[in-house]
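Following are the structures in question.
After this come two complexes, each holding chain A, first together with chain B and then together with chain C.
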Partner chain A sequence: MTATMTPAPPTTSQENHRVPWRHRQGAWWASPALLYVPALALMVPVFVIPTLVMLSLSFTSEPGGLHWYVQAFQSDLVRAVLIRSFAIAFTVTAISLLIGLPYAAIARRAPRPIANVLYGAIAASLFFSVIVRAYAWLSILGHGGPVQLALQWLGIDTDGLRLVNSPFGVVVGMVQYGVPFMVLAIADVMRRTDDNLERAAATLGSGPVHRWIHVKLPMLKPGIVAGVTIVFVTTLGYYIIPAILGSPREMMIGELIGSQVGTTLNWGYGSALASILLVLTGLALWLLNLLGRK
Partner chain B sequence: MKPRPVTMAIGIVFGLLVAAYLIVPTLTVIPMAFSTSRFLEFPPPGYSTEWLTRFFQDSSWTDALVRSLVVAGSAAAIATPLGTLAAYAIVTAARRANRLAEPILMMPMMVPVVISGFGLYLVTLLLRTPGNLGVVVLAHAGLAIPFVVITVTASLRSFDFRLVRAARVHGASAAGAFFRVVLPVIGPGVGAGALMALMVSLDEPVVSMFIAGDTAPTLPVRMFGSITYELNPLVPVAASVLTVVTLTLLVGSLLLTRLTRRRTAV
Partner chain C sequence: MTATATHAARLELSDLKKLYGDIAAVEQIDLTVEPGEFVTLLGPSGSGKSTTLGMVAGFETPTSGTIRLGERDITRLVTHKRNLGMVFQGYALFPHMTVFENVAFPMKLRKASKHQTRTAVGEALEAVSLGHLADRKPSQLSGGQQQRVALARAFVHRPPILLMDEPLSALDKALRTQMRDEIRRLHRELGTTVLFVTHDQEEALSLSDRIVVMCDGRISQVGTPTEMYESPQNEFVSGFLGAANFLSGTPEHVAAGTVGGVRLGNGQRVCGRATVDVPSGCTARIVLRPEDGQLGGAPSPDWNEFRVTLTELVYLGERIKATGKLESGEELSFWVSHHQAGQVAIGRQLVLSWPHRRTVLIESPA
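Our next item is the complex of A and B:
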């Protein structure tokens, strides 16, 4: 884009944002890219370098080599924790999608005051503290809480049910955390879809279910993939909610890593576990990105 | 397509139930803060302000609260200008620079916080500076930067950059044009970003716990310890205090977002 003295032709809003000086020929010290420097000067030493240090410690801590990785992969505990983390992340993502997709669709179609309540609930829940939310579930699902009393009143034996300190509790808490992100991702794409396509499909004789599957879902796919990605990746490595609502006997990988803090002897082991989670997270992001592009 | 009234009615009931699931459980901490029981009981057997007074008389809790507010304020004071500059770069710089810088800026959103927290913990051990609250502030600022960047980028995207060109033509310096033309317009967006940064820090227990958990616990760390190791009747009070603070931030940011929309609307 070159700057000219003639009046600019009417640009689309998208182009308009890209108009400002690119400084292709300008001096390097006037490049707008330099505005990145202060933020990067914070991010690199605080996040990038520590992560690299951790990765290298996983190979160099006494006795070095692949020792800590071998130990991690030979451990039945680690294997069980990894399988559980994936199973819980998968369950939470699936339920969040099953709730979030219709929720976004309903919020878009509902009359104004109800739509405001539905969007407001999403915004408010994003601002509620995670630790407060997990704690609230502890009292609601816990021993003597309203849910247990209601089940007893219905004549259901609650002695064998573990509503908290169990994977069930973790799923309840994590879905509450995940749904708003899923709704935001889907609603964002929904806002940009063209309703006329659906109308056209209806004119051509497509029923409501057929329309959803063949017209609407393909249009919403980028939002669904974005929502699935953020919910799956955050659940996989989450620490606080599983630590409060789960049980120490049924840990997730984030808790296992957290429990290494303070045990000064096991730098290598902790680093290896964190590196494994890092690689698995990267793998999940990559796979979901592939899925989104197709 | 207009859905049938029955379908819509079922949909609305479903939507309101989900909205209740998202919001109502969290609000139960407020009546529990005024409970007469020292156990976790909902609904509370009776109401009193006993725990509320005890909370504000217990220095271990008030210290944690003050510490949290100071950390959040400092982190937001660092993250807001850095994030605003980076957002300006995203909108104006060459695409090649963006491709290099953006993944690093967005890293805290993708990498689980246990991983970056654990890395930072190892580095403080290697440098023999454990328990340092300054490191917590820097880490929180870093965690908040993506939120500031996203919020400010959104308001810059609807900003008309021809205004800057007009200012420069009339002799304003680059910095002058930024402070006197851009900032007044995107100011509310920057303010919303700052509130997000405060929120991120106030609700961040993991890094704070790894770095300064034993020596200088923030409010979430103190709460987390009380939830997992003891059943403390002061936790609901702490939770209510935190909820009131975050709701205030929410209302503030909604107002600021509305203001941004009004100012950038051309």
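Our next item is the complex of A and C:
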């Protein structure tokens, strides 16, 4: 054993062949870049290629060129749908933030058992399929549902009220979808903040409101920006919830694309709309990222 | 100076008590910190020193008792209305603000003008020699620099009292000594009242006008560093401040402040100075500091002699720690300087002596 450990010159040709590899700056199979391979193997066929196919379809489908884009930009419907989508996404994000921020703050301060229930509720809501949750809202808010009956019992006229199959229904469903992500993003940052910062601010004369605005909120900004980004971007292009809880007369961009591709089989128009959504989403991401850095 | 001119205030804690459920975290705290005085709460973790500071800061509400700061009763006042300055162990600087903005924070809250703020912040940062780093973010500073910013932020508005919660514990040893000197200089220049919390006896001894040693939620003893070190009144204080050897014996009645005798188990009579009344029926503790011991027999009649067999030698660099066993089995540790190293060897019989004046007698708790 000791004999083979001495760095004697290799004798056989096989060993001779192996030596140069060892003396290189690290073998090719040890390169950290290889760690990307599994992710790439998954993402290229299931994400990158379909996206490229979609993008190219928007230019190549008959009659080709920029035809579908010109049609989209000239359409009043598309403009209305896009504005509605942005308005709903904005509303949903704002409401999710208004619910999520205090929720995370309360869960952080709550004693152990209550905190477990609060965080548990958030985690549990992620276990249920979005479709199930959307249909649940349909029966809760829909015709003859408990909410309508309760309103009638209170003497409120519910005939003109459209709680589902309306933008209101979409906002309710999407807020329920968005709040858990908002809470998780904010709670993560909150857990890492130093409680002594607020105490320090208090000793220097800063009251509860001033502390929230000048100490707590700036510290939570990364979490808030992350939560807002996730909720806004997903809401903007969401398909299932608007399809179930919305109305065809007031659709969002996701449904419009769905109907072009699924119902009228107009792939060119559908993929042009999808590409516009992709660019607008990218723009929103860029703006939010800019906001987060500042 | 330029900032809101507040004078150093007196802090009075009377019969303060804090219960957590049935357990008293702190009780029977009576303490007056005079205006401009630097008082340290010293004790091991769980001794109640941080809870006491927390009640002064308003983070905890006392179960009973009162806290007065200057003319005001602040026992139940919310923290932000107490007009304090506080330094935390983990710096607690606002990460999203620059050094200047951090230090300007209390000034802005006090509606100081732009000019006033700039002058006060400039002076505070100069006082901690950080004027050139005003535009940095805290994350770009070293630990020592961050703690100096925290100090500047705590005194920029001239609060009537400065609270410090183990401000040096997060720093490495060299920096700690440097910061200690800086805090002492700042206290001299500012003249504010300071309530300082630490578990480090060296910090307490070197910084304080008075030290309050706490143990199990109560005050064990209060006094100047010299009094605390040279005249500890109980075993806890003797052992917590500095190193100490303890021997047991039966005393003659010795009144506090006088020198009297104690008979050891083998009949030997040892003389020492009592810091509390030591009645004749009790068990006395004899406290001997290692650094007061001398190799060799008593040079004059007012020294106690002990015969020991050397059992252990530990080389500590600056000196050697030697431990010898008495006939009774009790151990005595003492320091040996390098030029005496030839006189000691494990197993050797030695005579050691301690002066009466530096032999302390206390009553044993048991």
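Methods note: the second predicted complex is superposed on the first by the 262 of 294 C-alpha atoms of A that agree within 3 Å, B and C clash if a C-alpha of one lies under 4 Å from a C-alpha of the other, contacts with A are read in each partner's own complex, and residues count from 1 in each chain.
By definition in this document, a residue touches a chain if its C-beta (ideal position, glycine included) is under 8 Å from a C-beta of that chain, and two chains touch if they have at least 3 such contacts.
Note that the structure is a prediction, hence the values are computed from the model and not measured.
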Which superposed partner A:Ala202 touches (first chain B, second chain C, both, neither): both
First (chain B), second (chain C), both or neither touched by A:Ala124: first
Partner chain in contact with A:Ser58 - chain B first, chain C second, else both or neither: neither
If touched residues of chain A are counted for chain B and for chain C, the larger one: B
Partner chain(s) touched by A:Val179 [first = chain B, second = chain C, both, neither]: first
Which of chain B and chain C A:Gln148 touches, first, second, both or neither: neither
Chain B versus chain C as contact partner of A:Pro218, first or second or both or neither: second
Chain B versus chain C as contact partner of A:Ser96, first or second or both or neither: neither
Which superposed partner A:His210 touches (first chain B, second chain C, both, neither): second
Touched partner set for A:Asp194, first chain B, second chain C, both or neither: second
Doubly contacted chain A residues - partners chain C and chain B: 199, 202, 208, 211
Touching residues on chain B, where the partner in the complex is chain A: 1, 3, 8, 11-12, 14-16, 18-23, 25-29, 32, 40-43, 78, 81-83, 85-86, 88-89, 91-94, 97, 101, 104-105, 107-108, 110-116, 118-123, 125-126, 138-139, 141-142, 145, 149, 156-158, 160-162, 164-165, 174, 199, 202-203, 205-206, 209-210, 220, 223-224, 227-228, 235-236, 239, 242-243, 246-247, 249-250, 253-254
Residues of chain A defined as touching chain B within the complex: 8, 13, 16-17, 19-24, 30-36, 38-40, 42-44, 46-54, 57, 99, 102-103, 105-107, 109-110, 114, 117-118, 121-125, 127-140, 142, 144-146, 176, 179-180, 195, 198-199, 202, 208, 211, 233-234, 236-240, 243-244, 254, 257-258, 260-261, 264, 267, 270-271, 274, 277-278, 281, 285
Residue numbers on chain A that touch chain C, as the complex places them: 194, 196-197, 199-208, 210-211, 214-215, 218-219, 221
Partner chain A, residues of chain C touching it in the complex: 57-59, 78-86, 88, 90, 92-96, 105-106, 109-110, 150, 153-154, 157, 163
